[in-house]
């Protein structure tokens, strides 16, 4: 069973643009490069001013200096040299997308996102693009065209044209922009997009439209039908900490936090509530770790080892409400880890549910005390941590 | 009475021959749920736990008159199974699987809406009307028949809170796991509406978590409709950072949307009793119910 | 009164900027049809024959309140245009194009049924309620306001028969070209049902042809409902060989199905006056109407 | 504008089977051959008893001797030699499909057809296949499983399995047969099938299923989206007479008949009614020829020439009710043809509608009389033919 991980499957700009190109969305001419020399050749093949864009997954690369221009092959070389290998918000730049510089008349926004309330895709479009669209929506809602797409019908070409019309376009531009909007939707459907957007979608000086930037986030539950990205999804991305990466590989839902109470629970809600209780009692959680409702002994052991190996963790708080998971198996997993890792860090175990007595007996034999109440356990864990 | 499932619920188990399906069929039958048929394509004619297995839902409806379903097929096949049940008009349909692609859920839910069918889940422990019908995978012993309606986005946390209610002498009319995914069949509002019209339900417990704005819209609904029954709420995830999925696919703070603070404040504005610890739900509801007598 | 279209029909012309669309817009306006808007993607803001052109149907509805449509786009684009009109709730929608792929028609018709919208065609001359509204491409001068309802699978043959009725002093309430394709929106039964409830219509003329069994089912309907108005029928294709399409995609005898003999016999059994020559329709209806006075 | 022609686009068996194979429907191993030598090699590569099936479009090839068996390479050679180049119901055999002989346990039928009444696909399936399914339906309706497919939903895998169940299958067979039925539907949808059927669909001795025969008729109005068959559709098939082929190329709806009154009309219904009148008055139509409601002068000329060049035609009866077609243009076309072909055959013209007077004047000047009533014209044409 797949477990939700800390991140979704975000594509690099150049990957999203390759898909856009396949679907017939106009994009700037461009080349992906990995060396300054390639950047120089890219400039020459494009034959004019270029923009060099760091291919990273973190947001805000522009403000962080990850997007720069070059007016000559030499400049392209030196800019590429500066960008490649640098870090943007902690993410190393391994590739650049070198593109022709577009003559911008206006920057637009167009995108589709899963809407929880309407249980459908919502479209969002605006003639004020190139900026944070949520800000535009808040500041100038009249500049936003939005609506829902009937999931059974899909977005029709004529609805896409209606959106273009509401953005104020007519004639050939309306038809072209409508086609781009329709294709964005087609990509969303084809790639199980949680979010797809072109921001900015540029209206050029000659009146045509070019997707100057593209973002596509794939629903990671759908990756089995997108084999080309499935393998990459298994490789931990640069946005994961080492422990998060290890947990992901083990199929655990794990998030690193800044505190010192290591937490393992079964079930997302119960685990979140355990974190909340730790905070409530004045402690700080070191992590979120949900083993899931059906974890095997191996997975429990892995969860415990990951949490205990976090140097920030001063105390382990485990909260299990056994249902399908049996308390005796949980207890055995705890004892196993204790034996393997030694008793360096104190463990506070809350254990109720299926085979509860057997589980408690096993823990008691190993000299580990357990609690019935998760609140008591959380309080004790915070006390331990403070004492430690 | 109870909502959505009761003693008249005639249950189909889709995917009954699988490990999970057969295991839970036993537990459902032990609980007294009327499990009348199962489906598993190509396994028709066999039996699981004494329950006849059919190849298609349509046969199960024709021959056994089932009217509700619990679906144990893996996430990848949930769409097809759900559509088969929807087309047959079964309701509610409980989708257990975690990891159903969100586009599949979107289509399932739209189709169910069109046909007037109730979907519970995906990624849900299911629904239980204690003493009448269990249509889920929850540990039955923590629940007791009574007058508190429970709706939750979580699994184990629901058991925790239900156990607390039961210990406090507060039984439950119906407990519904809405599901931990971003798109699920029932919202808090849908469930509040059901509980409002259910005579047996005297008070409601809502168990929310970070992500989306289902709690906020529920709070608005409570204000707008001057909701007539006491409501207490717990929201998990106050300690969660933004931008990270906390176990559930739906439990994520996106930008400024979906924080626990926003939800808790909305509930407070709506006069909902807000519990800071899971155990407080029982205490607050007990007070409210005693006060209302 | 009349059926489906009358003086309250506010017409949209889809594909108004095309050769056929603009030509017939002129004729429709000449006839007095309220052509209030046209559509043509990318041509919004312009005018054709004084009619404002919009890029989308939705705009035309919002700004001009159109409630019916005639679609002049080529066969390949008829599906998209029809769906746009259906979604906007326009009714009736007249599909002129010949050569619409049958799967496209199938989808259009199913969607229209779902939304409660009437489709006329494809491959139809359209519909006319003489003196009130023409929503088609028929030569208007052969029609005259009156009390005979006409439904036909043919084009020019309808004009022939309508002209005969008019010459004989029998005007028409509404004349409907059902369309020459295998799958069309309205059946003879649908139209008989409409004419039954229309006070102005005193008699009905059905103009059938070989292929399918629409005439046979109409005859059954007439028997079953003891149809209260006189009906006369002409069926074209007595001389047609089996297995060959006679011009219309729908005019083909398949195996033993769809022969003129079968249709004529069914009509006779139903007490329908059967004309062996087109001119006999007027004669038989005149007799029937005079006899019923 | 495309006009309905005398035939639909029927694929050869081997073409239909190639498509079936692409969609994953099991088919017998087989090779298409065009020479006896190829048939010999086909036998050798298949390595066992084979069936040689004439690839013709006419129905009833089996009874006509077009399907034969061979137990040796030599026999395959000689059978192929006999079949290739022979004629089956007037259609020349150019290709054979040489296939392994299947061990038949039972012959089934499965197919989808456009249903005019339900305005949807209907499925038809039976455990009595290999025979005329309409006969089975009449004789033993209880052996037929039938139903409609919701056009908005399409056929679901589970519906297909339900059909297989109703045919009496269980277990693995039910799943396999269901999958085949679903794929037949998928082909119908993908190829705009007016009809698709496998008859027989064979249940083999080992319990699996093989499409022993396949038939697929494509809606010719959809050919623009099936480019691979579009070109072939333009080549007149062997089932067309020379005049039908010429008319098809000209975009005319034309059907050759056995009589002697040549007929040209505008509009399918009006033209059919004209034929009927000729019969009513004791004559026999030589053809059906519908110029359509919007014919150009060129097309009218072509229609007239085709009808007049039919050696059986003793007299021409033209019936025009002008709407979009203008009577003056019709008259000019008639005069043009008369001048070009001489006045070998009498012409009876009925002409009313747009620009009627002008049209009649033109005819009168050319010495051709015209009628107002189609019935009068038809009667006169029959008289002429009898006198001729």
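Chains here go by letter, A, B, C and D, matching the order in which they are written, and residues are numbered from 1 within each.
Keep this in mind: a contact is a pair of C-beta atoms (placed from the backbone, for glycine too) under 8 Å apart; a residue touches a chain by one contact, two chains touch by 3 or more.
Note that this is a predicted model, so its numbers are computed, not measured.
Engineer: Could you quickly compare A-C and A-B and let me know which has more C-beta contacts?
Structural biologist: Contact tally favours A-B.
Engineer: Determine the centre-to-centre distance between chain A and chain D, using the mean Cα coordinates as centres, and give it in whole Å.
Structural biologist: Chain A and chain D have C-alpha centres separated by 57 Å.
Engineer: Would you kindly tell me how far, in whole Å, the mean C-alpha position of chain B lies from that of chain A?
Structural biologist: Here the centre of chain B sits 27 Å away from the centre of chain A.
Engineer: Roughly how far is chain B from chain C, going centre to centre by Cα mean, in whole Å?
Structural biologist: Chain centres of chain B and chain C, defined by C-alpha means, are spaced 51 Å apart.
Engineer: What residues in chain C touch two or more of the other chains?
Structural biologist: In chain C, no residue touches two or more other chains.
Engineer: At least two other chains touched by the same residue of chain A: list those residues.
Structural biologist: Nothing qualifies.
Engineer: Based on the touch definition given at the start, go ahead and assign the chain network to line, ring, star, complete or other.
Structural biologist: Here the contact pattern is a ring, one closed loop where every chain has two partners.
Engineer: According to the definition already given, which pairs of chains are in contact?
Structural biologist: Per the contact definition above, the touching pairs are A-B, A-C, B-D, C-D.
Engineer: Would you pull the chain C residues touching chain A in the complex into a rising list?
Structural biologist: Of all residues in chain C, those touching chain A are 41-45, 55-59, 80, 83-84, 87.
Engineer: Would you tell me which residues of chain D are touching chain B in their complex?
Structural biologist: Against chain B, chain D makes touches at 153, 156-158, 161-162, 165, 170-172, 174-175, 178.
Engineer: Inside the complex, what are the residues of chain D that reach chain C?
Structural biologist: It comes out as residues 1-8, 114, 116-117, 119-121, 134, 150-152, 189, 192, 194, 219, 221-222, 224-225, 253, 255, 257, 265-273, 275-280, 285, 288, 290, 292-293, 321-324, 352-354, 373-375.
Engineer: Under the stated contact criterion, what part of chain C meets chain D in this complex?
Structural biologist: That would be residues 75-76, 98-107, 109-111, 114, 125, 137-139, 152-160, 163, 180, 182-183, 207, 209-210, 212-214, 217, 234, 236-241, 244-251, 255-256, 260, 276-279 of chain C.
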